[in-house]
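Two complexes come next, and they have one chain in common, subunit A, joined by subunit B in the first and subunit C in the second.
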Partner chain A sequence: MSILVNEGLWLLDNNIDPYVGGAFRHSPLLLSLFSTIVPPLPIIWALSDAVGAWALLRIWRARQGLSSLKGTGSDVENLIVSVYVPSAYFEYAPNAPHSYLLNPYLLLPSLALSTSTFENTLTLLALMFASEGKVSPALLAIAFAVHLTPSSILLLLPILMVLLSSPVSHLASPRPFHGNLKRIPFLFGEFTLYWLVLVGAACIIAGGSWNWVRASWGASLMLPDLTPNPGLWWYFFTEMFDHFRPFFLMVFSVHLVIYILPICIKFQHDPLYAAFLLVGVLGTFKAYLTLADPGLFLSMISLFPEVHGYLRHPIITTLLHLHAALLLPLQHVLWVSEGRGNANFYYAASLVMGMAGGAGLVDACWAGMRIAVGDAKVGAEEKVEGKGKVMWEVVQQ
Partner chain B sequence: MRFQRLPQACLLLLTCFMAWAVGSSDSTASTGERAADFFGRHDSGSGHTNNWAVLVCASRYWFNYRHMANALGMYRTVKRLGIPDSNIILMLADDVACNARNKFAGSVYAEAGRHLDLYGENIEVDYRGYEVTVENFIRLLTGRVDPSMPRSKRLLTDDRSNIFVYMTGHGGNEFLKFQDQEEISAFDIADAFEQMWQKKRYNEILFMIDTCQANTMYSQSYSPNILATGSSQIDENSYSYENDNDIGVSVIDSYTHYVLKFMEGINKTSQTSMQDLFDSYDPVKIYSHPGIRSDLFRRPLDKTLITDFFGGVAQAEVFPLQDIVGSSNHHDNGPSAPTTRKPDTPSVPVVLSTTVISLPRLTGETHDWDNWWKEVRKWTSIFVVGCLVSWISFVR
Partner chain C sequence: MRRASIWIFLACLCIPSFALYRGEIYSEDLRIQPLRDGRVSTTFSFITVLEGAVPRNPKALGQLDESQHYALFPLTLGQILREYAITELHLTLNAGKWNYDNWGHPHEAGVGTGAELWAWMGASEVTTVDERWSGLRNALSGLFCASLGSLDSRRTLSPTVAFPLSGSTPTFAPHELRHASLPSESVCTENLTPFLKLLPCKSHAGLAALLNPQKVFDADWHGMGIHVTWKEDTGVELKLTLQAVFNPVRTSAGKRRDWNLQSLFDRSIERSCPVASSSSVTVILPEEKGYQITPENPAHINGLVIYDLSSSSNFTIPSNIAMYWPSEHSFQYPLPPLTPVTPLSVKRTIHGTTQTRGVLSISVTNNSPQEISAGYLEMMPALLTLWMHTLKVEINSQIRSDLLSGLKYHPPSPQSNDRLSPSMLQAVLTIPPKTTLKLSMEVNKAFLKYTEHPPDAMRGWDLPGAVFFPLPQSSHDTSSSYDWERIYTPTLLVDLPTPDFSMPYNVIILSCTLMTLIFGSIFNLLTRKWVVVEIQE
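On to the complex of A and B.
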């Protein structure tokens, strides 16, 4: 969501409830953070991006099974070393940090001081702590993320599964989930506890009223604000009759939720990949989509180099994203600033964005499953009877 | 096991809930009181929020050209001073501009040189021709109109409306002739005004009438907040001002001419008072003795602005909320001003199109206590979150 924090802060300073008018849709904790400890300076966003990149690096290392104790240098040293020593590149510094920091989809919201940067950072921190096996920090981070954006609840189950198993890649060798399922209720209870504490802290700053719940979380469910965004919801609901609104709001919300179980069951051998796919689902079908959401999905692809070879149409996904990235600002300017276009132009561009996200998601699903099937190895038998017989053998890699 | 820390966790939750309960005891003043503060009367102003005008020309036929011009001149003046067409009810026989005898077809002039066309292209006549009747006039004033009457022909006033009622035509001792067919008497008008007062359809009325023996028409009024003025006394005629030789008839009445001439010097921000207008009456020039009736009017005439009735200007006073102490003293019906801060000069009327100078704070008292409490709340929530984060990072 865009930067309305300044408006909220001003309203708070003037003793006007920020949640009454519908101008402010963020959590009250952001208000309290930015009005007490630090004002909303751009450096905060830069730090948040840096933390996110660092978290991505740590997830990579956990997935590769590299413990952080290995080696003599710290992460930063290794990062610098990797620039000069190519062989060290893939051990200490994969594409992950570069793909996060240089991704234009992530850079632009950060420049625009959008709070989606914080949501991405918290998601990555949750995944990082989960990959490293630290239960409580992971649950706290995901509780924070859910507090900021309720749609992040999609990631709760994969994170629990990562906590119970391991983040190491098992894509190529699927097996049933080997973690202790009985611990899931306890972990969920702990997550609920942290979430309730955050809700309590938010209520304290909001002065005991519950307006903020409806304004911040209710916005994702009720879609009161139909400001155009790169997502797919807003246009649909501008042309919706009020009679059907509750039904379609339910459909769109359920649409997000129904992906959780199938993806987690199918990829139970590699829950980190399941989390990655659910990030992709969020990045395409979220209520108030920003550029940072598909951006996170694209950056996280760098965590899974093993599937890169099995992607069927990466070039098409890339071109669709390029297409959307060029069209979206163009049509927005044409519609809103110049008045020569109309909403349909921008909606078409957002449809292209949706297609790009969908293409990437489908391709990632395919690759994640295809890698389990293995490669075919062609072998040639020796000449028998003057004819060479070509033999196909499936080899698991 | 993990559950060793469960009691601590429950304690933390309990403190959070207690803090929330304490925080929710922060009370705010009711919104109704704050709105009443904002809109209530804070000085000796008129307290009106909108202006209406009812301009009636009760004559028809070519030789009553001047009555049409009277009404149209008043129409132009009130429009110029800001009353919109939606708030003006213009009742004319409207048979002059396109009359076969009108050498200047489609135009109505109010002075001999024909410099200013009052008919023009965009006047809005609400009741024309045979619709100008006594019954329609009284129905208009009292609001008892047929449901089929369109909104543009209704007087949609409320208890904060200042109404300027102007009537012109042929009249006599306590009567006014409507279109050569019927009469309306001073008693009818007085009763209509009283019905309006009972139904809270006006805040103040300025009743101006330009006929023969006009002052008798307002003599029977008995409702409060009515300021009345007429062009001539009993047993006195009102005379026309001048003829135009090309039009061939009298083009304006003398009383109305001098009033309009006075009005030409007024604009929307003018501070000229009604007393100035009444002081400008010159019985020698007008050839009759204009009258004023202000006993029903509760405000002093030198504090009543012309634009209170003739213009569409509301007085807006914007002041910071700290200066209102105690929201309970301001429910009033009288002109007393119990604010702690009184403006030293009469408040400048702000034309409705300008932007508000300072943003009013519509929430409760901005005491230091409130600010301090807000700071406490903010830091408490940060503290709670910080505790949680540090507990998790160091203990678990």
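On to the complex of A and C.
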């Protein structure tokens, strides 16, 4: 939030450690960016969104196997064209940038000058560089993202897998992972190096003290601030009994990590899709969820046009998101500003949001696997001797 | 004959006991001041001086202390002071809002609403200052039956400029201040009873006989204070004070402002306290004429009438001191606009309609024709986050940042038990003559865990008042400043957003159900095998 950044800047100007009082929870890197390089002007958020949209377009191009050299114009030109002339050249490409720029879940946090915009852009940049096979930039970008929000560590494994294999869609033809697994330790080492450099830089900027670690990273593990957000954590830990709090904090944190391996193993043939699903996990279960987190997941759906036909309950998911998007602001106003409702109103809306996020995740997960089975309906009605008309259906057993 | 010899024997026993009083001096005083709004301010002060006594050196805390023998000084309080090596102690318990504009400065400066405790202690390696502070709080809460135990690290600060040592500075150790206030603490009979027990004559004789709880706690404003100070040339001084502002216009039948001791306290002084070296009642006469005071007394000094009650004087006891306005039928409240009595008037409010954000605004008016520089101290519990970058100083809607100087801000700092200490904001405000200065800043209200809310959560939280204090003279020229003491603003009530208290189980169940539903669905999808099955018509 920009008010937090401004407060942090004021404290820094007055020689007060901004990480002592719990008012400021962002990384020292972000603080030094705004104190020395640029002031926190709205144009920075607009630029960040534009970079994010550009990254999304590049990811789409890499996934389609189109190198940027083969394109009909420069990326910037494509971006502009795709925003203003929907479906101008490509069938799906235009969806990617404007699904990002016009997504209300992403637009509103940017208007509110939320730092989640930068986190999303960094995540997309990491995925973009990984898709284009640029090892060091990808690892640097994800190191930045992990530095700003530690929960982005979920995306590290799929990004390493994308770097080792290819971003091209293999959803329809699953195969075992064919990258060189021996390179994983080296890549991970490089990531750790970048991350340590960032931590060191942050420590130097913070004046050699480690208070910022507890204030910024510790917050997503200890949840000291219980301000309502669209996520599932805040009300749970508001109402939690004190002696169970550490246990459930551990459960909620481990629950996030638990999705990495199963999703990466199941989608080893298409690690970019695994990364997409993990973005969805983050967008549902993250500690301090902002609207931008589910927004990133929804915008990334446009990267995978091949699965659109196989989504399990797209209508229900859409309706859930619609309800959540309407209920969240309404109930928040009723509770906090008007004083007519109570906390349960907003909690109910955040549950709807959680259901919407979960439904989207289940949809995407289903579609990503369902596509491999093929379209059974083509041969659904065929005459079999002695049985007459036979219907076929694809199910899981 | 036999009886007479017993009396002589008893008298002989008494001689050494009187000798014990040497080194301990007890004096009592009552100041009565009729106020311009018809109220009557009364201030009792009971002073016991331990001559030549020195506060305990905290470095000797591990060793056996010297034995304590007191004749007049209360042993229970003396034990606490020695046990925790307290150099200076101030405890006030007040109820109501002191109206500076109409009543002027109080005779005892500590009039902040609720409980306020501050102590100066020497630092030592034997036990830390914070350990002794915690012990002191609990001991005093036991002694005075007040909830001082809850003045914990969430309320403790060290504002040394606003609360300096009022006695001498001991040389044996560097001294530290601990200050805490609890605005929601209310004062009642159970606090007065232990207070009276500290007096040598209890409430049986002397001025303390007037302290009738039913009348004192019916007063518009009432409060008590315990002040222990050490002065190098005299020794340890214990000053017990009790202030009350009575409203005879409200309690009298004819809406008259006449008062006498009997009507104010419903008691009279039957006998004087024999151990008191001095005992007096001082009436501060109002400026406007038309009053009469009985009994007529020749000792008129500078608008004061002093009645000496000590046994040596020829004042007749029992006596009823009375003041009345014979020509006034019923008291007419002075009509506004009234010029405030004090040179500084302070208003402090918090506004904003939502339960999450608000604006804290302070307006300070200088009523005097000369410029006043005042220290401003805000001790805000971590319930409220002050957004310091929104701090604005305005005069007539014009930003005047030059009037604020020496800004010091300590954000809430995490304590050992995972709680946040209050934030402290201290600044010097320079207020031009006959102007009003407005200071405002945005605040955020915290969302608390449901277990952190009090049982009556919907009532809101009391925030301690801000303190305006005179600056140390050395840093300021004496010509432009006037003689004043700390000013406390009234407390504020802040409405925090509350969770629902009835459904912790429901929330845990619903949230966990949603998580397991999504978790289960995804793992179900990921682990099952895809097959094509035939559907029978």
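Everything below uses one rule, namely that the second predicted complex is superposed on the first by the 357 of 397 C-alpha atoms of A that agree within 3 Å, B and C clash if a C-alpha of one lies under 4 Å from a C-alpha of the other, contacts with A are read in each partner's own complex, and residues count from 1 in each chain.
Simple rule for what comes next: a residue touches a chain if its C-beta (ideal position, glycine included) is under 8 Å from a C-beta of that chain, and two chains touch if they have at least 3 such contacts.
The model shown is predicted, which means the values in this text are computed figures rather than measured ones.
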item: Combined model on subunit A: subunit C and subunit B, fit or clash; value: clash
item: First, second, both or neither for A:Phe237, with subunit B first and subunit C second; value: second
item: Greater residue coverage of subunit A in the superposed arrangement, subunit B or subunit C; value: C
item: Touched partner set for A:Gly207, first subunit B, second subunit C, both or neither; value: first
item: Partner chain(s) touched by A:Asn14 [first = subunit B, second = subunit C, both, neither]; value: both
item: First (subunit B), second (subunit C), both or neither touched by A:Val197; value: first
item: Selected from 4-12, 130-138, 382-390 or 400-408: the stretch of subunit C that, after superposition, runs into subunit B; value: 400-408
item: Doubly contacted subunit A residues - partners subunit C and subunit B; value: 14, 16
item: Subunit A residues touching subunit C - in the complex, by the definition given at the top; value: 3, 6-7, 9-11, 14, 16, 18, 20-23, 225-228, 232, 234-242, 255, 258-259, 262-263, 266, 284-285, 335-337, 339, 342-344, 347, 351, 354-355, 357-358, 361-362, 365-366, 369-370, 372-373, 376, 388-397
item: Subunit A-touching residues of subunit C, taken from the complex the two chains share; value: 353-356, 382, 385, 387-389, 407, 409-414, 420, 423, 446-451, 497-500, 503-504, 507-508, 510-511, 514-515, 517-519, 521-535, 537
item: In the complex, subunit A residues that touch subunit B; value: 12, 14-17, 28-29, 31-33, 35-37, 135-137, 140, 186, 190, 193-194, 196-198, 200-209
item: Touching residues (chain side subunit B, partner subunit A) in the complex; value: 2, 9, 12-13, 16-17, 19-21, 23-26, 361-364, 366, 370-371, 374, 377-382, 384-385, 388-389, 392-393, 396
